[in-house]
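In C-alpha cells below, several structures.
Two complexes are shown next, each including subunit A; its partner changes from subunit B in the first to subunit C in the second.
On to the complex of A and B.
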C-alpha cells in the first residue's frame, strides 16, 4: 500500500509538471500581452521597463524555470491586476467565499441526494421513484446559471424573500448555496439509486432476510454499506469541483470568490495568477483522486485484506 | 400438528409477457424432525415453493395465495413482518445454492454469525455470541475456527463458505433446515462431505430437513421421504426407498432413467425428450403429458387425481392408476 501511494505521488508530480508546461505555453501562445497598447496607453520606455521588471523580456524557457523555481518555494509571484499583494494573498482572500458556498452546497446537496436516491431505490417503479429521478435529471441537465436565474426570479424578484445577490450577511448565501447544491444532489441521487438497486438484488440480501433480520437493519447496515463505496469515492473530487468556485454561480450572485478570477486572469493576461489557479486545481484534484482511491481500498475488504487464504 | 402445513399453494410472477405460474396448487406437510427431499428439474417450482412459504419473494411481482400456509402454529399468510422475521432463522433456517454470494462481502464471518444470534437472542452479549460462533464453526468441521471468524467471505473457498453458512443457519437451533441445492455450486469432491455434514447435524440436533435438489443421488443419501415436482405440481410422494424401487409416475421413472450411470443401448445417457413446460402457458391437464410416453387424450384435458399405492406413497397420473 505504501509503495502504491508513493508511486501515485510520483505520478502526480509528473502530471503537475506536464500541466505546468502546457499551461505556460498556452498562456503565452494567446496573442497579446498584459501591457498591450490598446488596453494601457503607456510610453514605450515605461512598457519596456515594466516588462523587464517582471522578467517578460526574457526567453520563454527562462521565464518558465524562474516561475517554477518560485513555485517550489511557494512563491507564486505578484498578480498584475492587483500588484499590492502576492498571488497567495489574493487567493487566500478570494477563496473563503467559494469554500463556504461550495462546502455548504455539498453539505446540503449530498445528504438530500442520498435520501432521494434511497427513496427511489426502495420504492422503485412508484411515483416516488419517478419524481426522484425527474428531480435528479433536471438537476444535472439544467445549466447552473439557469437554475440561478430562476432562483433569483422566484425568491428575490417575485417573492422578495431573499436578496438577489451580494456577499456578507448569511441571508445572501442561501440562494447561491441552493444553486451550488443542485449538481451534488442530482449526482448523488443517481449514484445512490443505482448502487442501492445493485446491492438490493444481491443474493446475500435474501440470505439476510432468511436469517430473520429486520428490513431496516438490512437496508441501513448491509445494503447502504455495500452501496457506499462508489458514494464515498466521488465525494472528494466533487468537493474540489464545488469548493474552487463556479464561475457561473459566483457571477450570477456577484460573489467575490475564486470563480471570477479564472476569467479575469485569462482576459488580462495575468500570467502569475492564471498559473497559480490552474496549478492549485491540478494539485487539489490529483490529491482528491489519490485519497479517494485509498478510501476505496480501505472500504473494500477484497482489496484491503487481499486474496484468498484458504 | 405438522411443522409445515401447506394447502393449495399457488405462486405466480407478473411479467411483461404474462403471468408466470411457478407453483400451481401444491399441498404438502412436513412433520417435526422429518427429512424430506424435493426433487425436480430447474423451473419445476421446488425452490419457489419454500421461498414463498417464508414470504421471501418480493411481492409484487410475486403473487402468493394458499388455502392454508402454516409453519408451527403461525399463519404465514396473515403474519406481520415482525412475526415473519422472528420465525425466519429461528424456527426455519435456510441455506442456499451459491455460498460465494450468500455472505455480505464487507463484513467478517464472525460479524454475520453474531448478528444472526443476536437478532433472535438480543440478550446474548457480543463476546458470548462470538464464543458460540466459534463453537458452531468447529461443529461444521472448520478446524481453524478462531482464524476463520476474522476472515472476510472472499478469503474462504466455496466449501468452507458453505460450512460457514450451515454454521450460521444452525446458530439459532432451528426446528427445520431448508437446504436449497446446497452442493450444486461446489466441487464434486466437496459435495459428499457437505451432504454428510448436513445429514449428521440433522440427526445430532434432531431437526427437520428439507433438501431441495435436482440430483436424485443427493436425495438417496440424505432424506426419508421424497416429493417429485414437475411444472409447479407434485407428481409423486413416497418414502425414498419406494421412489427408487417402485416409481409409479412416468416422470419419476424417466428421471431415474436419466441418472448418470444409466446408459441406453447405444451407450448414451438417457434423456427425457422435449423441454420443460413454459410456465406462462402451462399445458392443460397433466403438465408432463407433452413429454410422456404413455400419455392418453384424457391427460391433456384434465388434471390427474391423487392415487394411493401404499400408506405413504401417492402419485398423480391417469394412465398408471
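On to the complex of A and C.
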C-alpha cells in the first residue's frame, strides 16, 4: 500500500509538472500582455521598465523556472491586478466567501441527496422515486447558471422574498447556497439510489430478513453501510469542485469570491495569479483523487490486494 | 393450438411450430427504448427542436440579427413579438429560434469530433495494452485533473473564440468518455475466440480493429456520442455566457442569458426565454441519451 501511494505521488508530481508547462506556454501564447497600450496608456520606456521589473523581458524558459522555483517555496508571486499584496494574500482574502457558500451548499446538498436517494430506492416506482430521479436529472444536466437564473427569477424577481445578489447579511446567501447545493444533491441522490438498489438485491439482505431483523436496522446498519463506498469516495473531488467557487454562481449572484478571478486573471493576462489558481486546483484535484482511491481500498476489503495493486 | 367448431364437429388443427424470427440486437434495443416513455418523449422533443433549427427561416419571418424594431426596444411579449423585443431592437423569438442552430450544431459537430478522436485512441489502448494503454491513460488522467472550464477559457482566449474554436474545445474535452467506453469494450472483445481465430489466420491488428473490434463497439460509440452532445452544448453556453464564445451578433443562448442578467428585474422576458430554451434542450438531449444508453447497454443502467 505504501509503495502504491508513493508511486501515485510520483505520478501526481509528473502530472503537475506537465500541467504547469502546458498552462504556462498556453498562458503566454495568448496574444497580448498585461500592459497593453489599449488598457494602459504608458510610455514605451515605462512599459519596458515595468516588464523588466516583473521579469517579463526574459526568455520564457527562464521565467518558467523562476516561477516554479518560487512555487516550490510556496511563493506564488505578486498579482499584477493588485500589486500591494502577494497572490496568496489575495487568495486568502477572496476564498472565504466561496468556501462558505460552497461548503454550506455541500452541507445541505449532500444529506438531502442521500435522503432523497434512500427514499427513492426504498419506495421504488412511487412518486418519491420519480421526484428523486427528476431532481437528479435536472441537477446534473441543467447548467448551474441556468439554475441560478431560475432561482433569481422566481424568488427575487417575481416573489420578491429574497435579495437577488450581493454579499454580507446571511439573507443574501440563501439563493447562492441553493444553487451550489444543486449538483451535490443531484449526484448524491443518483449514487445513493443506485448503490442502495444494488445492495438491496444482495442475498445477505434476504438472510437478514429471514433471521427476523427489523427493516429499519437492515437498512441503516447493513444496506446503507454496504452502499456507502461510492458516496464516500465521490465526496472529496466534489468538495474541491464546489468549495473553490463557481465562476457562474458568483457571477450571477455578484459574490466577491474566487470565481471572478478565474476570468479576470485570464482576461488581464495576470500571469502569476492565473498560474497559481490553476496549479493549486490541479494539485487539489490530484490529491483528492488519490485520497479517494486510498479510502476506497480501505473501505472495501475485497479490492485490497496489498502493495501489488496497479 | 386452435380449435374451431364447424358443423358440430371439432376439428383440431395440427400443432404449428412457432416461427422464430431472427431478431437483431438492435431490434431488442429499439424495443427497450420504445418502452421507456420519458426517453421517447425527450427524443420526440429533440427531433422537433432539430427540425425547428433546420427550418428556422420558415418559422419566423423576422431577421434574428438586423435591428428592425428599434422603436420597440425591450417591448414585452405580444402577438407581434411572441417573446418580446430585445435591448437592441431585435425580435426575441427569432433570436431564440436561430439560437437553437448554434446550440444544436455545436453539440452534434463537437460530439462527432469527440467520437473521431475517442475511437482510435480507445481502440489502440484497448487492443495493444501495455505502453500505449499507459500513455493514453496518463493523458486522460491529465484531462481529469485540469479544471475543464479554466482550460476552456484559456483556449478560447488563445484562439479568440468563435464557432470553430468552441467546437474544437468541446471535442477536446468530450473524447475522454468515448475513449474510455471504446477501450473497455475492445479489451473484452480482443479475448474472444473469433478475434483469436482471425489472428491465427494472419489478420493484422489494423484489420482486426477495423473489421471486428470497432463494429462490435458500436453501442458504446453511440452512447459516447449522444452523451457528448449535451456536454458540448453546455460548454458553448458557458463560454458564450462569459463572453468568449460565439461572437455577437450571432444569436447564442448563453450570450442572451448573460445579457438578460442585467435586464431581468424589469424585462423578465430577456432572461426567461433563453434560460428556458437552453434548459429544455440540454434536458431532452440528456434524457434521450440516457434512454439510448439504457436500451443499447442494459448493464450500464443507472450508473
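To be clear about the criterion, the second predicted complex is superposed on the first by the 302 of 310 C-alpha atoms of A that agree within 3 Å, B and C clash if a C-alpha of one lies under 4 Å from a C-alpha of the other, contacts with A are read in each partner's own complex, and residues count from 1 in each chain.
Here, contacts are C-beta pairs under 8 Å (C-beta built on N, C-alpha and C of every residue); 3 or more make two chains touch, one makes a residue touch a chain.
What you see is a predicted model; the values in this text were computed from it and never measured.
The superposition on subunit A brings subunit B alongside subunit C with room for both. Residue contacts after overlaying the shared chain place A:206 against subunit B, while subunit C stays out of touching range. When the two structures are aligned on the shared chain, A:285 is found in touch with subunit C, with no touch to subunit B.
Once the two complexes are overlaid on the shared chain, A:19 sits against subunit C while remaining clear of subunit B.
The superposed model places subunit B and subunit C at 70 degrees from each other around the C-alpha centre of subunit A, with the value given to the nearest 10. Once the two complexes are overlaid on the shared chain, A:225 sits against subunit B while remaining clear of subunit C. Looking at the superposition, the partner that touches the larger set of subunit A residues, subunit B or subunit C, turns out to be C. When the shared chain is aligned, subunit C comes close enough to touch A:248, but subunit B does not. In the superposition on chain A, contact is made by A:145 with subunit C only, not with subunit B. Taken over all C-alpha pairs, subunit B and subunit C come no nearer than 11 Å in the superposed arrangement.
Residues of subunit A that lie in the contact sets of both subunit B and subunit C are absent, per the superposition on chain A.
Those residues of subunit A lying in contact with subunit C across their complex are 11, 15, 18-19, 23, 26-27, 29-31, 137-138, 140-143, 145-146, 149-150, 152-153, 157-158, 164, 190, 193-194, 197, 247-248, 251-252, 262-263, 266-267, 274, 277-278, 281-282, 285-286, 289.
Put simply, subunit C touches subunit A in their complex at residues 138, 141-142, 144-147, 149-151, 153-155, 157-158, 160, 230, 234, 237-238, 241-242, 257, 260-261, 264-265, 268, 271-272, 275, 278-279, 282-283, 286-287, 290, 302-303. Within the complex, the subunit B residues that touch subunit A are 54, 56, 81-82, 85-90, 93-94, 96, 98, 101-107, 115-116, 119-120, 151-152, 154-157, 160, 165, 168, 172. Only residues 202-204, 206-215, 217, 222, 225-226, 299-302, 305, 307-310 of subunit A touch subunit B when the two sit together in their complex.
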